[in-house]
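Okay, so subunit A shows up in both of these, paired with subunit B first and subunit C after.
So, the complex of A and B:
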């Protein structure tokens, strides 16, 4: 889906952002090969962006959200739900880690980004910096 | 032990639902790559909607059904039993954020109905269900007769 006039921008990538942040994730990349790309939604409101990602199995302890330069990445390490030694009888999904990264535009206020995890859904709120928000200029008489 | 549990006998399963499950089983057979990009889990309620992916495990004591249910209110999930079928109904609701503000939509929503055949002789009355972090785990103990045992041979 294309945004008509996004005043702040999040570039959504399916791959670890090697091109965007050379070297930044290089040391972590071998283990990221197995990671799944979680589906996301992005809403843009007047005050900023809200990003939601389906991350079943993610907990506050095993989810790492990182902001490095302009790259926001999320990485969740998922523990297998079955006890060790359990035999798989039927498999529709593989248990694995989640990884996804986003490029933030300068209009996002990095200091005020908040994250909330609920029922396996991560919600990231990315507020616009004050200078990027539409402002009314009073005309003095 | 009280009889107050979440299990309920399922009187009737829609025919097209069973048909969809059959189609899914056949698709799994011909394309057994698991979690694929264009794969859509089955649902008879909303063809374009979402329904949870399910794994089933077995230990010597239990049969364990695990479903991915991100964004589903666990209190609104209905679990029921029909014969050896475990039936899962619920809804993944679209959030309260206005559609007009949408820039990217990859997540899917909707009501779902899934059923899984629970193999072996399990005690549904002793089953325990637990939903946290968007994962539903249903643990059903096997009946004693179905559990593996070693039979000691008495020395003569």
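So, the complex of A and C:
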């Protein structure tokens, strides 16, 4: 028997889901061209996968996590940190939205995905679906 | 079978050439400068009354940041720890930087170090640096000599 593991495929480059998700992102599409790809970590535990993304400046109110078919996407709108009228003297990072999408395998239990945003880090827990988890079958006498 | 195809033949010289090429690429003295990226990235704004410095430090807690200011120099240092209890071999992808960091920023002008305040929200460190009294533009009233 083949053991199944939940997997996540990270799409390379910007792929705003213009065709895949016409709903919530339709009007935001032109702006998505300037969105930044946030760095992520993915690690696997016994119960599933954990995905962490650096989204400095993101708040719960301006972060959209969407799961459509097998595509999980995150989009954070970022407000400029400086008050209006302030002059930029030195710039090492550009202020802009974050966007990234992932392709989930069937072994991820979509219903139990949880998200937590803390100190600008999004932590997504992608639990293994029951059938993908190793099970021991008791033999009744 | 006699005679293998010449295209597929192993050519030790070609291999060597490739190795040497790779070696020289690695010796490029400007390589570290080409993709230099300071951590954390810092922006500085001039808001008239003072300067605003913002730094992207996601995943760092307030108590893990040390901020010092002397005259026109601001130093910040800290450490971004690896998440605890995660084994190295369990990583499927690792793009986020970890480790000790420190930055020293020279400000364009003197600041009032007693009035400096800092906030840390959503992974962005914001430091408000009011300009020193003598660094602010001053209006000088001109009296008519009557």
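The working rule: the second predicted complex is superposed on the first by the 110 of 141 C-alpha atoms of A that agree within 3 Å, B and C clash if a C-alpha of one lies under 4 Å from a C-alpha of the other, contacts with A are read in each partner's own complex, and residues count from 1 in each chain.
Methods note: a contact is a pair of C-beta atoms (placed from the backbone, for glycine too) under 8 Å apart; a residue touches a chain by one contact, two chains touch by 3 or more.
The structure displayed is predicted, hence computed values, not measured ones.
**Q** With everything superposed onto subunit A, say whether subunit B and subunit C fit together or clash.
**A** After superposition on subunit A, which the two structures share, subunit B runs into subunit C.
**Q** Of the partners subunit B and subunit C, which touch A:83 in the superposed model: first, second, both, neither?
**A** A:83 sits against subunit B and subunit C alike.
**Q** Thinking of the overlay built on chain A, is A:45 touched by subunit B (first), by subunit C (second), by both, or by neither?
**A** The answer is both, since A:45 touches subunit B and subunit C.
**Q** Which partner does A:55 reach: the first (subunit B), the second (subunit C), both, or neither?
**A** The answer is both, since A:55 touches subunit B and subunit C.
**Q** Taking the superposition as given, does A:36 touch the first partner, subunit B, the second, subunit C, both, or neither?
**A** A:36 sits against subunit B, while subunit C stays out of touch.
**Q** Is A:91 contacted by the first partner subunit B, the second partner subunit C, both or neither?
**A** both
**Q** Which subunit A residues contact subunit B in one complex and subunit C in the other?
**A** 10, 39-45, 49, 52, 54-59, 81-83, 85-93, 95, 119-121
**Q** Quick check: in the complex, which residue numbers of subunit A touch subunit B?
**A** 1, 3, 6, 10, 12, 36, 39-45, 49-50, 52-59, 81-83, 85-95, 117, 119-121
**Q** Please name which positions on subunit C make contact with subunit A in the complex.
**A** 38, 41-48, 51-52, 54, 56-61, 83, 86, 90-97, 108, 122-124, 126
**Q** Which subunit A residues qualify as touching subunit C in the complex?
**A** Of all residues in subunit A, those touching subunit C are 8, 10, 39-45, 49, 52, 54-59, 81-83, 85-93, 95, 119-121.
**Q** Which residues of subunit B touch subunit A in their complex?
**A** Touching subunit A: residues 28, 34-35, 41, 53-59, 63-64, 66, 68-74, 95, 97-98, 101-108, 116, 119, 133-135, 137 of subunit B.
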